[in-house]
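One structure, as structure tokens, below. Some questions next.
Chains here go by letter, A, B, C and D, matching the order in which they are written, and residues are numbered from 1 within each.
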Amino acid sequence: MLLSAMDTRNFTFMFYGFLAAWLIVLIYIVSLARRGARLKKELEQVRNLVSSKHP
Amino acid sequence: MFDAIQIDQLWKFYGDYAAVRDFTLSVPEDACCALIGRNGAGKTTLLRVLAGLSRFDRGTVRLFGEPPRKQTTRRQIGFLGHGIGVYEDLTARENLYFFARIAGLKTNSSLIDSSLERVGLARVSGMPVRQFSRGMHQRLALARAFLHSPKILVLDEPFTALDDHAIAALTELLHEARKAGATILISTHQLREALTIASHVALIENGRLRFSGERTPEMLEDPALLYRMNLE
Amino acid sequence: MRERLVIALAAIAALLLAYNLYHIFLVLPDEAAQGAIYRIIFFHVPAAITAFTGFFVTLVLSIMYLISGNLRYDSLAASVTEVGVVFACVNLVTGMIWARIIWGIWWTWDARLTSMLVCVLIYSGYLMLRRAIDEPTQRARLSAALSIFGFADVILVWKSIQWFRTQHPSPVLSIRTGGGNIDPAMEHMLYLNFLAILMIAAALVLVRTRQETMAREIDSLRRLANAA
Amino acid sequence: MRSLLQALSIARKDLTVELRTKESLNAAIAFSVVMLLLFSFAFDPAADVTREIAAGLLWIVFAFSGALIFNRAFVRELPNDCLDVLLSSPISPASLLLGKAAAIFVLLLFLEAISLVVFGVFYNLRWWLRPIELALVCILASWGISILGAVFGALTVNLRLRELMLPVIIYPILIPLLIAAVELTDTLFRNQPLSPDQLLWGRLLVVFDVVFTALALALAEAILVN
């Protein structure tokens, strides 16, 4: 195995570090996606509201 | 010769929403123009731009040929907004004294005395404004707005909040100001009061100018005429 | 057009990242003193540089907004700040995990840690201020002013905390040290990963800016509905 | 020159109103005494530890109870829409900001003087050993707090959540100023002369004041005019 060539000291914490880094980015992406979906819905609603007032 | 107020293709945005659109209007010197329109039509926004309280995004605004935010221009503007703009914890005299200094006037007490006299507050000039009645507040606000004998008066809905005594004082002050050559822009949705003093009329709707011109005797007889004219 | 750009950016970033990860884990040798964990640096340092780049770009965009009054600059500034704060957090968290092993503690009030934390606080304040203002033009103006104050302060914070206390490893990049501190292969990898993270950040900024534009459209339609 | 006079009028007006109502000054003084009292429970007032952290304590008290003062600076203009009248009058927003900062500055110095006396009594600390240097530090640091207090007071004045937003944005920005003030005050409390290293902190205070005053004056129009 190639991995065996690597120093195993502190390996778990390295793993945690990488995990944490990508987790933060991932959480942000998820929140971004949810906000995007919410905005899309809101835009739809407001458009309907405006077109019902100005036919 | 410049017109006193010259607005040329003015646009004002809140975000992407245009509150004032492509608005062009000029008011000649010593005219009194009534700005008429529904709530939310853009009257207040327009007046705030003229009073130098708001920026605008496109177009030009000139007061006696100068932009409204320029300091020398603001010296010639008298502004009366929704709020009355006096300090509760100062006396009437201190209020006027403070605003006179801010306006860059030579603060002699005769000026302040006479302006208190004009609105009938001379006898209570040493009283904290907090103890004033509503009407007295309003008259003090009038004295404040007319203190530096402005060449242009911008009045936003002045009749809605005033009581009878204050309306009488305002009408008198406005007549005096017109005699002295001041230009007045007054926004209102109380047509009758405005039309009696106005020489010109401008109708604003959805931020656009719908009509502007001299006030005719027909309008005075039938104030709603303007709105009907617009429908045609 | 914008969506394609986002997808392209993300795809290139993913490829580059895969290449980088392969090299970071399997090709680069271990660092003598620290063992495997030193590899965190390949994300730690690029995240910090990305964040600071973002804050600087926000400064420029804010000034441009105040000069031109064009709300696009404002949307972009908001997005860049937000993504910058995310990567500043990545930087802090990875740094804390590294410190737990190497220094034995999660946190120390060292100059760089404290400065980065203050940065996160200042720009979180910026993001909170934006949420507290409804009117887009006012929001743009006030947050632009805040970001100018914030950036000026970041420089002072940096200087003052550096005098105050320092414990952090000194700079490793050869631009700052004149070389010799770091294996060239490792430094090369730092730059490559910086590029990858920068591209991810750019893709996120593009997505976020689109949302800002949408939010403005919603706001203007609301105003239209209320006015009529 | 004229704009300085106008700023002075603003400051004088604010101070007159404040002296008459004492609304923020009373609250700020009460708050600072309460804080000093609370700290005495958290740390043993007699111990040497307290002497070590005295400077830090004091500046936390100044910064936090100062918030009650600069919070009011622009809020005071809200009733009756006085802010609109000021902005449409021929005074530049920069003078307005400067006048507000000057009024905050005077009140803040007064608050600091009172807190120092209370502090000396409660904690048995001899703070008057180097009065001129201490006064200088207080003046430099208080001006920084005042100008930023005025700026961020203006920035948040029209927000619904202004009381919540103001501390969140102002304290991170005050950090370098507070570090410098604490470092210098600590040395002065120990009655040690200021070393060249310490003078570096003094220079930081000056730079902070100059940079932020300049930024405040430059951005006043953008902050205040919609």
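By our rule, a residue touches a chain if its C-beta (ideal position, glycine included) is under 8 Å from a C-beta of that chain, and two chains touch if they have at least 3 such contacts.
This structure is a prediction, so every number in the text was calculated from the model and none was measured.
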Relative to subunit C, chain with the most remote C-alpha centre: B
Comparison of B-D and B-C (more C-beta pairs in contact): B-D
Chain nearest the global centroid, as defined over all protein CA atoms shown: D
Centre distance in Å when subunit B and subunit D are each reduced to the mean of their C-alpha atoms: 38
Approximate Å spacing (C-alpha centroids) for the pair subunit B, subunit C: 49
Cα-centroid distance, subunit A relative to subunit B, in whole angstrom: 53
Multi-partner residues of subunit A (each touching 2 or more other chains): none
For subunit D, residues that touch 2 or more chains besides their own: 226
Shared interface positions of subunit B, touching two or more other chains: 55
Chains grouped in pairs wherever the two touch, ordered by label: A-C, B-C, B-D, C-D
Complex contact set, residues of subunit B against subunit C: 13-17, 19, 40-41, 55, 57, 206
Residue ranges of subunit C touching subunit A (in the complex, touch as defined): 25-26, 30, 34-37, 39-40, 43-44, 47, 83, 86, 89-90, 93-94, 97-98, 100-101, 200, 204, 207-208, 210-211, 214-215, 217-218, 221-222, 224-225, 228
Subunit C-touching residues of subunit D, taken from the complex the two chains share: 148, 151, 155-156, 158-161, 164-165, 168-169, 172-173, 175-176, 179-180, 183, 200-201, 204, 207-208, 211-212, 215, 219, 222-223, 226
Subunit D partner contacts - residues on subunit C that touch it in the complex: 66, 118, 121-122, 124-126, 128-129, 132-133, 137-138, 141-142, 144-146, 148-150, 152-153, 156-157, 159-161, 163-164
List of subunit A residues in touch with subunit C within their complex: 2-3, 6-11, 13-14, 16-18, 20-21, 24-25, 28-29, 32, 35-36, 39-40, 42-43, 46-47, 49-50, 53-54
